[in-house]
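Mind having a look at this structure? Questions to follow.
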């Protein structure tokens, strides 16, 4: 469970990037966030994703943040760094530099410019050439963000020609059928196993994804214990318990996954939980209104009650 | 509550279009569906929407279906017909013909070709010219489907220049802030009131939308009693009760709202509930797998239990 | 040359749909347009395309227009009718009804909802099922309008499984490489020959397309004699002459192919040439300004001079 | 003519970024390119645009290239640097660093995430805040690349609230009407004058844009003398001569502006003209086939002849 490899299971949490109220990187909060997440039981960390506001960081800030996360994590769980880029020179530079800092691997999504099956496969051939034989990587399938539709067949082609690709982050929607095809192909031995972590809708289909053979989740949520506990219960065969837990968190998770405003909700909740010192989101970014805060207050209160009822 | 006008409240249900197993229109199931929905307490019906497979019907089939719905409804609730079209001649023809059949109004979304504020406003000026002074209509704001982003300001401009526009179907996401602006403007008298019915994410934000001043819901779900009961509870000031009901249905509602496969789930559930004789979806359309059916079976069972627990 | 089949060559002109100043269909101008185009030497007509304002016509108007074109053409050249539709019932109805009126075939582009190679191929399997064994059809590859990228490989798969598909309308951009692959595959016998007519950028790459093995053009331009003469010269081995002619028309062709305003330019030119009685474009549509008209006047004058110089 | 300010006229050439065959930056060719362009009469240089393969450079490479261009230019013409970015921290860092190196200003296009009029205007308010009072900038209006439609009204709002915005790069299509509105507003004094340089379709509408009041061109083409001579002739009132020159280059310009493959054509031509030592385009990028090269050879030969005929 402790290595970024084809057998990885559990929850790789997509972290936020903590800022101070003035917008500067907050490295103290970064440390606290790492501790908080590890205490909640996550089995890996994924940094510099879209929800990590990666495009809003300078190259130097990106390195500083990754370095801090790695220092604090101290190898307790693997750290994967988002390194998608239209160009291969920046991808190579960022990947090498974070691997030198001690990262365990990188995550790559295709750019919106590739469309046909052959274009997608050719793009990942170039990714393999760029990353070389020493950098393990995770294939991110996230059409809502990228606009790129990868069929199950295309993903199989990529995996077969990518010896260093050890993980699939599945977040296509509707994706349950595709997920089922891929895990079945692995079970039958038609496809070498990779770890399959899911994040469709921000984890909003987690129980169903686990039933289709997913190894866990890779997504963000201010209550990572939800994913950790659901995955554990499911792994223990307690499927109804997994659904009970999931359902208890679903109303808030749904609210936090609203496109656009969701990141502000997540940071607010992390702030409220004492994890980060400021809920600041860098511009351009959403702000919460009084009505949003009232919604959140109610949803948290109801969630607490429901978890207490569950025991 | 019984008229399609600026004071409309409650739930306008987006109906499916029932087919036989061979793909033909099923008018017997259409009658049963109308009865079922009215018995569940919906206050209006909206037909020939995207989830009504409107683009898969011939012009003659569209008229036949609308005629059947109107005959069965017999004026007990208003019937609104989707009439969006890139061209105004087809919009006029369809609108006039369904009004002649007895429909109460039409619903219009902008085509994906309009983009700037002025283009959007100009388009709806042409809609007003096309529909004339006698056809009440509902403005559909659904950027996920249309690609058209209408700001609160643009919607106000459209409403101010559209005397026959009596309803807004709000399904922008994230849309709570926009919804709040519009309902506040109406309350302050800056904007003449229209009925505001919501469908963001297929009703997945209904309690929060009601808190922002929405008059109800316009969306589809195989358990329309969810929306009816949530809206009623909210109107009675029982906000926690509204959330309790909503939460009980949320796991299945979320599953039914998956883009792509959702319509097949909905028709399957309507079929299971004895409403329609066949769950057939016309091509091109999704099909459910055994794993999907197992998911649905579990979610329905859990929903039934939870509703029983709620009392 | 006279049949809509795999051996078709020459120029299939995408016609406009003539309206009166009040927006009604103008059937007298329709007759005159047919005569004009046949006199200019086109080898086929394609009606109800995007530039034929098809989405702005009612179903009845579409039939009326097609009937008039067929009556006037009287079989002198084949007539192909645009029948793309998201749904198969409307596609079937329109296709059958125009074939009954005497059309020679239909043209189908994929809807924007299909994305992966397999989805595209599956869609055209359903098209074949819909059209049946008796309706010859043309595959339209027009990613700028549809958003669907079909690789050379996908087009080969479609052609192989579509015995009734006799023509490819190629208008991908950049498309010369794809075009070259397909014509080479046909030459080598890897792929059964279909007629390949081009329209990339509205014919703005015609000489280069002919050099890659295209059989001619299918596009619109108010000077169809350009395409007719360029194709003829090229077929006669007079490649430089083909370029000379093309270059003489290119400044105006480029101006007429501006997206958005181009149709108004084309109808203005047809009106100026005495072909149609009114340059009216149905709403929503562009209008020409005084500056646009001055541009056109200059470009026509320069084109006339240059053609005279060429002899 | 020599300053990047509201009065700028002439041709700001979008440069390519020269690479060696092995893909490394080629600084010797960079020097030769700067000399070549200045000898051809361009009045400004724009670097790190899309056609400069900016997204394929590392941050360090970007700085190295800009530094080299500035050293070689030595203030003979202004140098503007593309600095568009989704995030403001990277925009600020790049802008400050190139201004420190001696650049004259930056160019900013909106990100694809802004859609409504108000969102666009708000975005540029943040741009102004980011760049501060000391960095002059050029507003790039390029909807084909960005997906953002800015109406004439929105551009006026941005210009009015942006004291440091001194130039508009207009490349909307169809854009002649919008261009005419903006230049008319400046003439009437409703809007403070900025320099308006055009690049619609890569300069394919240059004569018409000059007639609508544009101050010149900002685009790329391997024959920058075309734009320089057309702008000069037009400024001298020799409008027919401007068209003659333009028409002579149009067949090749059209070929070089093919989306996708165009950059490879441009670099090939620069290589053929002895400007750059290698035509290498970084991956992912297009390659030219033998048929492409034959097309280019023919088009260059014909262009040379036609220019000779013109005198």
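Per-chain numbering from 1; labels A, B, C and D assigned in written order.
Heads up, the rule we're going with is that contacts are C-beta pairs under 8 Å (C-beta built on N, C-alpha and C of every residue); 3 or more make two chains touch, one makes a residue touch a chain.
On a predicted model such as this, the values are computed, not experimentally measured, just so you know.
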Between A-B and A-C, more C-beta pairs in contact link A-B
Subunit A to subunit D, mean C-alpha position gap in Å, rounds to 38
Distance in whole angstrom between the CA centres of subunit A and subunit C is 47
Here the gap between subunit A and subunit B, centre to centre from mean Cα coordinates and rounded to Å, is 33
Among subunit D residues, those touching two or more other chains are none
Among line, ring, star, complete and other, the chain touch graph is complete
Listed in rising order, the residues of subunit A that touch subunit D in the complex are 53, 55-61, 85-90, 93, 113-114, 122-123, 126, 282-284
Subunit C contacts subunit A in the complex at 115-119, 149-151, 153-154
The subunit A residues in contact with subunit B across the complex are 173-174, 176-177, 180, 204-205, 208, 211-212, 240, 243, 246-247, 250-251, 254-255, 258-262, 286, 289, 291-292, 294-295, 298, 302, 306
